[in-house]
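The next block holds one structure in the form of structure tokens; read it before the comments.
Read from first to last, the chains carry the letters A, B, C and D; within each, the first residue is number 1.
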Amino acid sequence: MRLLFLGDMVGRSGRTAVWEQLPALRNDLNLDFVVVNGENAAGGFGITQDILHRTLEAGADVVTTGNHVWDQREALEWASYEQAFLRPVNFPKGTPGRGASVFVARNGARVLVMNIMGRVFMSPDLDDPFAAAERELAACPLGEQADAALIDFHAEATSEKMCFGHFVDGRASLVVGTHTHCPTADHQILNGGTAYLSDAGMCGDYDSSLGMDKEEPLNRFLSKVPKGRFEAAGGPATICGVGVEISDRTGLADKVAPLRIGPRLEETIPPFWR
Amino acid sequence: MRLLFLGDMVGRSGRTAVWEQLPALRNDLNLDFVVVNGENAAGGFGITQDILHRTLEAGADVVTTGNHVWDQREALEWASYEQAFLRPVNFPKGTPGRGASVFVARNGARVLVMNIMGRVFMSPDLDDPFAAAERELAACPLGEQADAALIDFHAEATSEKMCFGHFVDGRASLVVGTHTHCPTADHQILNGGTAYLSDAGMCGDYDSSLGMDKEEPLNRFLSKVPKGRFEAAGGPATICGVGVEISDRTGLADKVAPLRIGPRLEETIPPFWR
Amino acid sequence: MRLLFLGDMVGRSGRTAVWEQLPALRNDLNLDFVVVNGENAAGGFGITQDILHRTLEAGADVVTTGNHVWDQREALEWASYEQAFLRPVNFPKGTPGRGASVFVARNGARVLVMNIMGRVFMSPDLDDPFAAAERELAACPLGEQADAALIDFHAEATSEKMCFGHFVDGRASLVVGTHTHCPTADHQILNGGTAYLSDAGMCGDYDSSLGMDKEEPLNRFLSKVPKGRFEAAGGPATICGVGVEISDRTGLADKVAPLRIGPRLEETIPPFWR
Amino acid sequence: MRLLFLGDMVGRSGRTAVWEQLPALRNDLNLDFVVVNGENAAGGFGITQDILHRTLEAGADVVTTGNHVWDQREALEWASYEQAFLRPVNFPKGTPGRGASVFVARNGARVLVMNIMGRVFMSPDLDDPFAAAERELAACPLGEQADAALIDFHAEATSEKMCFGHFVDGRASLVVGTHTHCPTADHQILNGGTAYLSDAGMCGDYDSSLGMDKEEPLNRFLSKVPKGRFEAAGGPATICGVGVEISDRTGLADKVAPLRIGPRLEETIPPFWR
């Protein structure tokens, strides 16, 4: 089974690149399941229902999010009924929407997708991500109710990400980090069979600060006085993510490799899909 | 001119891998200048004079550090006279040792090397890294007193790293991040000619948490109660870093690519050096 | 009913002052119930079983703690059977000891005592303190299973403390903050009848940094390089806390005032007890 | 010499209380010099020129600020020429306005007033507050160019505040903390003669969260999802601060005591001024 995850779409540049390229990718690479993080899709801040729909139409099966999930307040209204939309599972009880759900892939596989937020250097303070994962995996174990399991672990600190990967190793197909907007090169299959990547990177303009126009962020580092708003960078986007070949038998990962397409970074397609 | 930077050596596994492989790398790749970050070389915490010497003997021209620089307290004694040792330049006045210096490469080039610590999510709180860079670059401008300039920017947050890169773009040959112990895949040459990589990754065992045995870090995430000490992981190390081809004429970067050698990550050598 | 709470005992100076003065205070002020925070009683770091026992012998009914609770690792062993010892209730399930319990006061009243840790600027990251309080208060409501309820809210940020106070207003007799080691002067009875004080302050030497010898903390602020260990300051202690007159009928607060006895701060005894 | 410092005015309620009461206080208590922190005077966020002027007209000699100083962006325009306005001195070079200056008191004394921001748990990251104080005190030493020296140390952590107090002990008349909006009761004269109070508290409605309407802050602690904006609480304000009797001979403190006037907290006037 072929699973593709794409990191945080940032602004118009990032989401447009995904919308334009995902249909062909889905087809050419023969993908069974696609997840995209959309927490920064609306000008860098949150996501609208329209953007959600267009991302699904482009070929995403699920859209995950993170700390920016509610930046567009309209999301609070439709989160509960948009089945393909996930917000971090460790928000308090009563939060609109869901953080984990099972989806059916193109090949018929049942895929558990979970969106969890880390706590180190993160805001707001959410409930224990490790306990949350334990609970969700117990409710829908890989090899029983799920044929594959993907966790988008939205977090800042590498230590928390790596420890989380080891924690669920053997119980998930893929743990992929998001939030730093910087693709890491540490993709590997952990000892228990879980594919791991510390961060997928973003789908956005890499001539920027995290996909945002660099002028204002740089101004704040230099002057400590805000001059304007943060705005999404408008240059051409590079889409970044990770591909996993999942065993139909075990639900664990056979192969993992990054995908990067665009003008600034070294381009790559998972070699096992070329 | 060929410059290689290797990320934080972690513990015996990491430093041994560097010591064993650097001599051949230096020779085979015909390297002119090598910098290695050594802040975690002694069991994960700081560096001893003996480790410093052996790293230099293995082929490093300079050893940089970071927030862990003084974990081995002996470093406070020899930091001032070990010419090839750098600690973050933005420690307060009066701190032993230096944070920036000019070195002569094998090809005769004068290389300014600077070690700077970021402030976002970092401890201790040091002086403004942007102002520090401005000062050092003004004192020894690329193209005048320096034929090349390398900055090891030791920091957590991608935003600070990227903004720093843009800030010195055109004034340094390479800005390479360290500290997260996770190699990033965003190597690029910025608009002004500076090679950039958000994090070099570590030289250490990647079946771990940041190169440390994963048991105790994972225990702390789960139980919130310390059980033992943090110890360096003992498995075989992967060495991670970045290679830059620097223009002899401008001191800026012509090419940049990662280097990763070892058992866990996807191996790569800068293609322009193969 | 007369309830006295004393803030974090720091080191020998702090605990000795409490041991020496509490018996007389208990008698002279005719106290019905006494709670003391002991998280820094052992040299500034944690608490031993011997210190716990001597504090109880001196007249404390309950000893609460905070983030330093396990600094003396022996506490992990006896926490489960020492009935008068509380650790923050929002540690993960499976943590030794208890975070809330009902005790019988000298006047026969059943007093619910709860120890909770905040999350803003605090480490380690514990579970939601608001949800934890909700759960405990539901399990043992004031006016039903409890005749009085005291919450030691161990936290850094005033905002979290004040919001917590409002959250349980009308459902607890007293919310008193600890952790900053600095007595606040904002004692008041909230609209619903809960007595509130942002921080009780410490029982320790106020010619110090948080009760610790000021030399090393100051050195670290100045030099950013550790020189030695943190050690409890040895000068004479001021004991700090808060007294509450609780209605026997409602369990809510009739009166609240600070208590401070010692050489450095302005001394005061709750006027309604003089 | 009689010096009064009032903590952060919060919103209309806080500033109005100061404007109404300061003229009489100034007269009745025969004050020589008055400093008020105004960083939250405009709806909780920053200060306008009009509010600055009215505060000066009410009897303040100087208005200090803190992290919120530029929340009203107009302040960037007039900061440079409003002589009685201070922003934290450790903003980067080039920041509008001044952070320290000498003023002439009603009794003719030259008073150095300094506004400094701490770094622990604070944002933005400013330059070293200890080094900044050292520099300013060296430029205008107490007993030489200054007859009195007041430092408004705007910071979160008690440890940083206490260490700062010890650092300048004997070189300033008063170190008073601001920012937590919670009055502390640890006023004392340090060993070297400097009056010290960890936090002056705010001038605002104490039935609130930091002077802000408590509904939205509480909502965020509970739900982790913003519902609305933060707005200043509208109930009657309590004004909080500290009075110091300064020796005309040494410029050091003879006496120190808090001042609190208003409906929620225990009222007090420095006894030596009654």
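As a working rule, a residue touches a chain if its C-beta (ideal position, glycine included) is under 8 Å from a C-beta of that chain, and two chains touch if they have at least 3 such contacts.
The structure displayed is predicted, hence computed values, not measured ones.
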Pair from B-C, A-B or B-D with over half of its contact pairs in common with C-D
A-B
Once you count every C-beta pair in contact for both, which comes out on top, A-C or A-D?
A-D
Chain centres from averaged Cα atoms put subunit A and subunit D apart, in whole Å, by 45
In subunit D, what residues contact two or more other chains?
92, 125, 222
Across the complex, what residues on subunit B touch subunit D?
92-93, 119-120, 125, 127-128, 131
As the complex stands, subunit D meets subunit C at residues 121, 130, 156-160, 162-164, 166-167, 180-188, 190-191, 198-199, 201, 206-210, 214, 217-218, 221-222, 257-258, 260, 264-266
For subunit B, which residues count as touching subunit C in their complex?
70, 76, 91-92, 94-95, 124-126, 220, 222-226
